[in-house]
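Pasting the structures in now, so scroll down.
In the two assemblies presented below, subunit A is common to both, partnered first by subunit B and then by subunit C.
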Partner chain A sequence: MSRLLHALPPLALLAALAALPLALGSNPYLLNALIVTGILTIGAMSLNLLLGYTGQLSLGHIAFFGIGAYVSALTSLGFDVELGFGLRAVHEPWPAAVGFVLAVVAAGACGYLIGRLSFRVRGAYFVLVTISFAEVVRLVALNWVELTQGPLALTNIPAITLGLPGLGTWTLRTKLQNYYLVLAVGTLCWFVVARLVGARFGRAMRGLKENESLALSVGINATRTLTVAAVVSAAMAGAAGSLYAHYLRIIDPEVFAFTTTVGMVIMVVAGGKGTLMGPVVGGLIFGLLPVALRPVMAPEAQWIVYGLVLIVILFVMPRGIVPGLAGLVRRRPARAVPVLEASPEAPR
Partner chain B sequence: MSPILSIDHVGVRFGGLVAIADLHFDVQAGEIVSLIGPNGAGKTTAFNVMTGFLKPSQGEVRFRGTSLKGLQPHDITRLGLARTFQRTSVFPDDTVFDNVMIGLHRQGASGGAPGMARASLLDTLLGRAGASEQALRARAAALLDWTGLGGRAREKAGSLAYGEQRLVGVALALATDPAMLLLDEPVSGMNASETRVFVRLLRQIRERGITILLVEHDMPMVMEVSDRIVVLNYGRLIAEGPPEAIRSDPAVIEAYLGQGSAARRAAAEVREAACA
Partner chain C sequence: MDQLIQHLVNTLILGGTYALLGIGLTLIFGIMNVVNFTHGALYTVGAYLTYLAVAALGLDLFLALPVAILGGLLLGALIEIVLLRPLRGQDIDTTMLVMIGAGIVLQSGTLWIFGGVAKAVPSPFPEAPLQIGPASVSWLRLFVLGAALLLIGLTYALINRTKLGLAMRATFQDADTAALMGVNVRVIYTATFAMGSALAAAAGALLGPVYVVHPQMGGPAELKAFAIVILGGLGNVTGAAIGGFILALAEELGAGYISSGYRDAMGFLIIIAVLLYRPTGLFAKAERVG
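After this line comes the complex of A and B, so read on.
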């Protein structure tokens, strides 16, 4: 019974999101906003796995997203690169769906490296490592012109083609198709996170976040736990990046913009970090805010409202919208928790 | 018989500061041994060395014949040596029940109770972890009942009274299914009746075959439960023996309690406790 009650809000949200295009008709502007919001929300969900459940703030999270985008784009476009010493790397184009898988794998591998590092560096140092990592990757994308076209952008990225043996293939070119693809991937990511945090692995993450020494003393392997979390988180961000590349069909080094990471952090913190629904709720609110504001104010002015909304949310519900509402439902006074808990603790 | 834990000439220096000069003692399986000494004597440092939180500058610790050199805290827990902490003994934002569930992390790893096959990450993702989860929940409930925390299962651990938090810490250590337990001031913050209940629990723990090494300032309690007492001062072992020998050892009383009127009063307290 209580399991059903827990499952109800996400199921209702999923049904609503699945039905939304029917209600909207085929408004391409709204559909576009929803697709981009959905992709960023997947990014926020992946960030939440680290920030919300292990307490580690990855401020370079966009690196995994961008790596996913570039790996997927390059896999499906092919490349011919001089490596020096007379070596050339030539790659013929592969299907975009293969690019998606490789994007997940490549981003996950980068997550492994960052996760191993987190064995030694936690808290503020982890934040710095991730920021630096993202900046290095951005500079590579900007300056390795032969591979990435640099600021000229990779163009003509093919759309994802899905095929089932015996049932034919679909190339997902329309916005509606991409909307449902993003929804499907988002739902899958939601399940992965839900399964992970609801079991032994989730308890290990919570233990490490709440009291690291005690967690170690009951036999929790900090390195392994944080590494697995980083790999899964990075792989999901890579998946989002791949969706982004094949939807927009053009990417440039701007996908590594720092502000996108900040946007994801805002989504997670405002929605409620360490909750399953938090990043989804935060993602939808902050992703769609520009849509709501566009008729009434200029894009520059929207940023002010953006900031005000965040401040109001965190003032009224310090732990984020989802825990705040859950607290109201349970009729328990919300406990005062420092608003800026997002700033990492100093390593002990 | 070979000892379950042997501290072999361990020394710990932080830069120029000598926290432990040369510590050397054994604990036999099934014993309750207390490690006492004034504040700053190096007791908690010794615990940190035994459980892998600190690397000794010299010497080594052996547990059940295995050298603990280079092992991480979680490796040492897996070998069957569990500990509690002096100050932060709980996961504050989780319920008492979930605290114990976190503590059961290693259960089913190998040689666990039957039917306790541990779910792998893949099982978890595919939703096949249900059976082992249920076994864990039953185990957590049993452990809470045993430690007398059953009535607190649904409360947030961080909101419990201090003494009860210490008890949660002990339940967490027990959850790792240890062969030996290191308890760092378990009854601090407990009142007299809570302490009496705790002493009973300690004896039950020992009856289950778990060896206990205790750091404690509550002298009456130490004298009551210990088979043997090891006295530490300025990072050095100054005496070792059964409670009767320790309580009448003038060198211990002087070194442990120091000189002066406050010390004489404290010494009288110790004698009183000895008579009680």
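After this line comes the complex of A and C, so read on.
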């Protein structure tokens, strides 16, 4: 019964999101905002795995999003680059759906490499190393013009084509089709995160977040746990990046913008880090806030509002909107139960 | 060879302002344990204050510099009192996120007020550069180097020769003991943040006239400042001063001999390499990376 009760809010949200386009009619502006919001929300969900569950503030998360976007775009566009030493890499275009899979794999692999290196340091140093990695990747995307077209952007990226044997194929060109694709991928990511954090692995992650030395002393393998979290998180961000590339069908090195990472961090922190629902709620609010603010203020002024909201939330509701509201509903704020509390049966 | 000499001259000029940026950040990082994501925004604010002082008030560059420093000092004190003081004792990630929020507000604020078009600050110096052997330096850049070295010297004197500096050093070593000895740690924190911010604003005020002033100039500058701090070691003022020149050298040589597109990558590569292989910085004796 309680399991059902727990599953109710996400299911209700999913149903509402699935029905939303019907209510909106075919307003392309709103639908576009929803699709981009959905893609960024997937990014926020992936960031939450690191920031919320393991407590590692990665400010280079956009690297994996951008790598996913570029890998997917280049796979489906093809390329021909000189590698030096007389070597040349030529790639004929492959279907966009293959690009999506490769984007997930490539982003995951980068998550492994960067994670293995970055998790050697903690706290402020981890933050700075992750920012640095992301900026180096951005500069490569900007300067390796032969491969990425640099600031001229990769254009004419094909839309994703899905096929089922015996049922034919669909090329997802319309906004409505892309909306449901993003919703499907987002739902899948939700399940991946839910399975991971609900299992023993999730307790290991939270243990590391609360007290790393204690977690190590009870036999949690910190490096392995953090690396797995980083790989899954990066792969999900790569999936989001791929969706972004095939939806907008044009990408330039601006997909690596630091402000996008900050936007995802705001979504996670405001929604409630370390909760399943938090990044989704935060993502919907902050993804759609520009739609609400557009008539009243200029885009640069909107970022002032985001910055202020981030500060106010950290002061007023440091655990985020979802845990904050849940606490209000229960009247008495739920006491955080430390994962590594001494077992009550232990002899005194 | 001539090219190399020119690169070394450029390194000196650039290194002086980088050192200012780094010293400001390392004081805040070291003494307060705050990762200051408003540093770049204060650098931008310093540059815009110079622009305002010269273009709107008609002051010359020599008077605009103190205006920018004073502005940075006041804004830094304000940020510390309003945002950081209530957060004392919170974990480092919370303060970091609040600082990111404040940085966004400041950066978007300058964009909103001044617009996205880059502004040039008129220089009072003659156009013709000074020739020193094969290298040439503009008078403006020489002034920038001189002013940066003067400010570095003043900062050193303040830290090593004054009572305030003594209290700052004591707080860096052990805030609780310093408080027991009668140091008003709250005031020291505010003074430290204000001073660090003033140095960032000074760096912006000095480099603004050399390049152009625009709202996004703070982002790269901030990450360079982090690279310098990490290079020099946490809270190590001398390390930050040397680190500023090392980063400038790496950028000049990287841009000159590898590719100018990767100039800004040098700082990041330094951060990655130093943190992964020598996390206490190049000049630290014994510090723990937490």
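The rule is simple: the second predicted complex is superposed on the first by the 320 of 348 C-alpha atoms of A that agree within 3 Å, B and C clash if a C-alpha of one lies under 4 Å from a C-alpha of the other, contacts with A are read in each partner's own complex, and residues count from 1 in each chain.
The definition used in the following text is that contacts are C-beta pairs under 8 Å (C-beta built on N, C-alpha and C of every residue); 3 or more make two chains touch, one makes a residue touch a chain.
On a predicted model such as this, the values are computed, not experimentally measured, just so you know.
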With everything superposed onto subunit A, say whether subunit B and subunit C fit together or clash.
fit
Which touches a greater number of subunit A residues, subunit B or subunit C?
C
First (subunit B), second (subunit C), both or neither: which does A:W303 touch?
second
With both complexes overlaid on chain A, does A:R116 touch subunit B (first), subunit C (second), both or neither?
neither
Based on the superposed arrangement, let me know which partner A:G207 touches: subunit B (first), subunit C (second), both, or neither?
first
A:R173 contacts which: subunit B (first), subunit C (second), both, neither?
neither
Could you work out the angle between subunit B and subunit C as seen from subunit A, using CA centres and rounding to the nearest 10 degrees?
80
Going by the contact rule set out at the top, does A:V269 touch subunit B (first), subunit C (second), both, or neither?
second
In the overlay, answer first, second, both or neither for which of subunit B and subunit C A:L142 touches.
second
Superposition-derived minimum Cα distance between subunit C and subunit B (Å):
10
Pick out the shared contact residues on subunit A: the ones touching subunit B in one complex and subunit C in the other.
none
In the complex, the residues of subunit C that touch subunit A are 29, 35, 83, 86, 92-94, 96-98, 100-105, 107-109, 111-112, 116, 219, 223, 226-227, 230, 259, 261-262, 264-265, 267-269, 271-272, 275-276, 279, 289-290
So, in the complex, the side of subunit B touching subunit A is made of residues 51, 53, 72-74, 77-78, 82-85, 88-94, 98, 101-103, 105-106, 118-119, 121, 124-125, 127, 129, 133, 136, 169, 172-173, 175-176
Per the touch rule above, subunit A residues touching subunit C in the complex are 55, 57, 117, 120-125, 127-129, 131-133, 135-136, 139, 142-143, 258-259, 262, 265, 269, 298, 300-301, 303-304, 306-311, 314-315, 318
In the complex, the residues of subunit A that touch subunit B are 192, 195-196, 199-201, 203-204, 206-207, 210-211, 213-222, 228
